[in-house]
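Each of the two complexes below includes chain A, the first together with chain B, the second together with chain C.
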Partner chain A sequence: MLTFTLRRLSLFIFTMLVLTLLSFSLSFLFPGDTVINHSGQINASAAELAHLNQVYQMDKSIFYQYGAYLTHILNGDFGQSMASQSPISNEIIKLLPATIELSLVALLIAMLVGIPLGFIAAIRHNKTSDNVILSLAMLGYSIPVFWLGLLAILVFSIGLGWLPSAGQISLLFEIEFVTGIQFFDILLSDSPYKWQAFRDASAHMILPACVIALAPATIFIRLSRASMIDVLAASYIRAARAKGLSFQQIIFRHAIRNALIQIIRHVGLQFANLVTIAMVTEVIFSWPGIGRWLIDSIYQRDYTAIQSGLLVLSCFIFIVHILTDFIYAALNPLARGNKHGS
Partner chain B sequence: MAVLTMNFNSIFSLAIAAFVSLLTGCNEGNKLSLSERSIIYCSEGSPETFNPQLSTSGTTSDATAKQLYNSLIVYKGKSNTLGPSLAKSWHVTRDGKKITFYLRQDVSFHQTSYFTPTRLFNADDVLFSFNRILDKKHAFHHVSGNQYPFFQSVKFSELVEKVEKINDFTIRFILKRNDSSFLANLATDYAVILSEEYGQILQEKNAEHEIDIFPIGTGPFKLKDYRVGSLIRFYRHESYWQEKAKIEQLVYDISPSKTSRLTKLLAKECDVSSYPIAHAKIAERSDLQLESITSLNVGYFAFNTKKEPFNNKMVRQAISLAINKQALIETVYQGQAAWAKSILPETSWAYDKNTPELGYDPVRAKSLLEVAGYPQGFTMDIWAMPVQRAYNPNAVTMAKLIQADLKKIGVTVKIVSYEWSTFLRRLSQGEHQSFLLGWTADHPDPDNFFTPILSCSASELGNNRTFWCNKEYDQLLQKALKTTNMSKRKGYYAKAMAIINEEMPLLPIAHSKRFQARGTDVEGDILSNFGGISFYNAAKKTITNEAKSIVLPEIADKASN
Partner chain C sequence: MAREKIYLEEVFPSPFMQLWGIFRKTPVAMIGFCCFIFLVLLAMFAPILAPYTAVDGNLDMILLPPAWHADGNVSYLLGTDELGRDMLSRLMYGTSLTFGLSFIVVIFSLVIGVVIGSLSALTRGIKSSFLNHFLDVVLSIPSLLLAIIIVAILGPGISNTVWAIAIVFIPQFIHITRYAVKEEFRKDYVLASRLDGASNFRILYYSVFPNIVERLMSQATLAQSAAILDIATLGFLGLGAQIPLPEWGAILANGLERFYIAPWTVYLPGLAILFAVVATNLVGEGIRHALKLRKEN
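Moving on, here comes the complex of A and B:
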């Protein structure tokens, strides 16, 4: 397990180095002065500019420059946003939790819906229900998310009036920022309207989370179906059946567990996909997350924000990857022996 | 195995039950939910400042003036006559140069997280508020950019000689000359009263600029929270000098996108929405209502009276007779504007119903042209403004319609349009024959229409681009400004309107309307004919007196934090 951990850690460090190198090079590729792209201080006076040039070691070779850039990032200094002139780290700390919250809920929905459906399809392999589930998955996978989001607003917010269309919570509720995860903040707050706020936040969550969940859910359907078919074809299942175990016993005790392990490997992979979808969805549902902020930054040509936002987002996705790897390894002893990092 | 699945099932159902109870069960505590005591307003933009003295933008005065502040006097009732507010009464000397205000003695300022007043409103606050604008040496005069656009446009500092404190609750304005629009200016959204005590505290803290960012006023609401580009949160001012506002919380949801305002309105995330689109869609919903008021503006078609052939009154009349105004209103304004009978909108108190109007009569137009000496018609140009304004949403289309109308009486029209600043410059140089333009009033005093658009002095300055100068008309305006007798003024303005419609230097076309949409559960007037909106009288229908007394202490506690 130790080698496994070290392996993952070195992988993490090297990937982060490559990522920072990429984001460092963006400052040169974006139009404008490199040091201003680094720091985001567009209105810097001559003295401030000289100071910036010094701290980013712009007079020295490119390696020193990269080192200085890395030091800033490791100290949590991403520069300031060109548009709002406030520190990017502050903005990210405020916005990232909202994205994490939305993505996690969406992931949960995708798994809770997708995996059981996939299992059912595998158990009923080549029967009508299998075909129906597969065609639905195909359909769901082909629907573009921006269209689905607008359609959901049209039907559920405007037409039926069941669910709100924008934001994280009704503006009437004043929830203090503690963790940034809205549900925790509501539970931590001492507002007399806690439960009203909780209800309201849940109602705001449903539409965007479901819209994001659709595409990953269809992938989970296909993944879990494939892995379940594999497992059911394995010889130990045949042996169990020969021993006279009931169908339920075979499925719940043996098949599901083994099939799930294969799926967990893919959760990390799906998470990257999900965050991409979440960025578009955040714009549609005016969700105050990092995706919307990043897209706004692109509109506003806020290079410093784009660069740091990408870095933080990819770092976040990579951490999720590694975490799922650990979970997989913890669940599957075979994976720990794997000599080559996957 | 069965046990295991049972376990799964029971845990699952437990979790579901717990979740459902979270969602529904705990809601019994508050009889009246927060949303029934609050109003969310979808506004079209962020205010530039929280002090309406500093800006004439409609968005700013909507968000600040009538919510946070009071003025000394206000416009009251349907006829828009002046009434008391922070001043209980006032007295104007016979020469009109000294105006004394007797102030209320029971007015308290907002208590917020950043300021706690120790005294009630008095004459020092009035002195402070107006000297900030008038006195160049005032400690706050140069704070926040030294721009007081409304007061500069009415030449306030040239009019007021000084403001005197007679005693703690009496204040006197001494004017350099008699001007009956002075009181009207004091009743606008811009002439608000700030707190002198708060100013002093800020001065001690060396944070003068905060006076316009963290506002303190006497109005029915106080500022709780403002996030740029996102929201403004107001709480009710619990010790307001009049009856308290009916709602406890007012939130401005800043949504610059028209479609997102519509979506939020339809999805009930806003109770009230500013400038809605898709009027037909809103009108067909039974749970929403659309309302409108005629704004104090006018869109007009005007002639260069210095140029051939429009120096001839009969030609101007003929052209005016040939224009189908109704068609213009229906096409260009989509029917959402009021027919302009004169340059003054019907909502003004000085409007006279009996103003004669030429009307639409192409046959008479043709014969008038013949009398004027143009039986074969002529060629003219129309300058159409290139930008969209409330008073004329599409001048080029309007010019095309007029072109078609005039063709019927044998007049050929060329449409001319330049980039906006070039357009205005060339207009003031008088290069045009006729043009489409408009005017939005700064304050409801009728003089604000007559003098800037058509007076001789305006024609010299280039603002009156008809270059029409009528001595009789100008004398009427002078007389109207010198008297404070309302019915006399009304008489003078009625005569002035009659002169315009006879001489026809311009043809008034329409007064545009301002629209607002709201849920049917919101009651009380919000829009007013001029100036910003006010939520003071707005309420949700479900609020009852009984429920009010239950919930009051709670929010009062919160508000004082």
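Moving on, here comes the complex of A and C:
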């Protein structure tokens, strides 16, 4: 496990280096002056510009420039937003938790719906219910997410009036910002309307989370179906059957556990996909998250915000990726010995 | 008595023909394939087939509902938008943008990805490890996010979108080719031809490629369905196709303001995207199913 941890750690450091290198080079690729793209200070006076040039070591070679940029990032200084002229790190701290909350809830929904359906399809392999589940999965995988979001708003918010269509919580509730994750903040606050606020926040969450969850859920259906079919064909299942265990015992005690391990391995990869979907969904549901902020900053040509947003979002995805790798290795001793490039 | 064949010959169909034989026996896959061909033809001949052009507006016929509606007009089969442009013609022209461009993008990145991927599969040691880690990084960034960044650098527009999506897909094809080639190189038939003295490139070209081409095709269909969705999503966000172009995502975004009074301007382009993606996925599913059956035989 130690070598595994060291390997993952080296991969993590390497990845972070490549990602910062990418966002560093974006400053050169974007239109405009490099140091202004780094810092986001578009209205800097000549003296401030000279100071910035010195801070980012623009007079020295590109290695020093990268070093200076990296130091800034490590100190949590992403520069200023070109559009609002406020520090980007503050905005990210405000926005990222909302995205984390939304994407984790969506991941949970996708797994809770997708994995059992996949297991059912695998157990009833090549029967009608298997085919129905597979066809639904393919349809769900093919629906463009922005269209689905609009239809969901049309049906559930406008047509039936069950759920709110935009935002994170009703403006009536004043919740103090502590962690940024709305549910925790509500529980931590001492408002007398805690439970109403909690219900309101959940009602706001349901529609976007379900829209995001649909496509990943269909992928989980396929993954869990494939891994369950593999497990059910394994010889230890036949041994368990020969021992005289009932069908339910075989499925719940032996098959599900082993099938789940294979699925956990893919959660990290699916998460990147889910965050992409979440970005578009945030735009449609006006969710105050980092995806909507990033797309807005493209409209505003806010290059500093774009490169920091890229860095933070892919860093977040990669941390989730590494975490699932760890969980997988902790659950499955076979994976720890795997040496090169996998 | 005349004999047509003097020698009793057993015909072994090539792996590709075997695959086709299985593929055509699956009705659902064949339906998907026919829809796919239909879309390809539509993408090519839309200017000939469409009743009107994509930008011609008839200001007397604004926001006409589809023909089956009581207020509809049969000469505008799917209704018109807010400038009196025929929805059917716009959707037909849009096929060549959303579907046709995604097809071209996938073929372009497939070729480049396969070349780089198969060359990199032959390398070992630090070069290979570096590439592997680098690919891990690129693949961990969501494809749409990367495409958005590239569009932000290049500026919005349909041609920049196409470049962005091509760049995003190349690493995926490198990854899958590399993996597939490495797997094949471990097998015995490669060893056999190596013992015959074949060079690496010869093995790659004559022995390995025929065996991985179907896997690449199945990956290509997956990539194409993702490419259709990405082009449409970027169009919807206003970063892809710009205003007069009848790209499906852009038509949908355009209809958004009149969602309540003219819902057909939103649900028709959405249905078109759904149809194209489902057709592509059915073909991919058929290929994967046929591959599995061929392996079992």
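Assume the second predicted complex is superposed on the first by the 341 of 342 C-alpha atoms of A that agree within 3 Å, B and C clash if a C-alpha of one lies under 4 Å from a C-alpha of the other, contacts with A are read in each partner's own complex, and residues count from 1 in each chain.
Methods note: a contact is a pair of C-beta atoms (placed from the backbone, for glycine too) under 8 Å apart; a residue touches a chain by one contact, two chains touch by 3 or more.
In this text the structure is predicted, and so the values were computed from the model without any measurement.
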Inset, instruction - Would you mind checking whether chain B and chain C clash or fit side by side on chain A after the superposition? - result: fit
Inset, instruction - For A:295, select first, second, both or neither according to whether it touches chain B, chain C, the two together, or no partner. - result: second
Legend entry - Larger contact residue set on chain A - chain B or chain C: C
Inset, instruction - Tell me which partner A:306 touches in the superposition: chain B (first), chain C (second), both or neither. - result: second
Inset, instruction - Identify the partner contact of A:318: answer first if only chain B is touched, second if only chain C is, both if each is, neither if none is. - result: second
Inset, instruction - Could you tell me if A:146 is touching chain B, chain C, both of them or neither one (first, second, both, neither)? - result: second
Inset, instruction - Examine A:12 and indicate which partner it touches, taking first as chain B and second as chain C; both and neither are also allowed. - result: neither
Inset, instruction - Could you say whether A:193 touches chain B, chain C, both of them, or neither, answering first, second, both or neither? - result: first
Inset, instruction - Go through the superposed model and pick first if A:183 touches only chain B, second if only chain C, both, or neither. - result: neither
Legend entry - Which of chain B and chain C A:30 touches, first, second, both or neither: second
Inset, instruction - Identify the partner contact of A:161: answer first if only chain B is touched, second if only chain C is, both if each is, neither if none is. - result: first
Legend entry - Least Cα gap, in Å, left between chain B and chain C after the two complexes are fitted on chain A: 6
Inset, instruction - Would you mind listing the overlap between the chain B footprint and the chain C footprint on chain A? - result: 158
Inset, instruction - Sort out for me which residues of chain B touch chain A in the complex. - result: 1-2, 4-5, 22-23, 26-27, 29-30, 33-35, 38, 40, 224-225, 231, 233, 249, 251, 253, 260, 263-264, 266-269, 554, 558
Inset, instruction - Quick one: which bits of chain A touch chain B in the complex? Just the residue numbers, please. - result: 153, 157-158, 161, 163-167, 170-174, 192-193, 195-196, 198-199, 202, 246, 248-249, 252-253, 286
Legend entry - Touching residues (chain side chain C, partner chain A) in the complex: 128-129, 132-134, 136-137, 139-145, 148-149, 151-153, 225, 229, 232-233, 236-239, 249, 252, 256, 259-260, 263, 266-267, 270, 273-274, 277-278, 281-282, 285
Legend entry - For the chain A and chain C complex, residues of the former touching the latter: 11, 14-15, 18-19, 26, 29-30, 138-139, 141-147, 150-151, 154, 158, 272-273, 275-276, 279-280, 283, 294-295, 298-299, 303, 306, 310, 313-314, 317-318, 321, 340-341
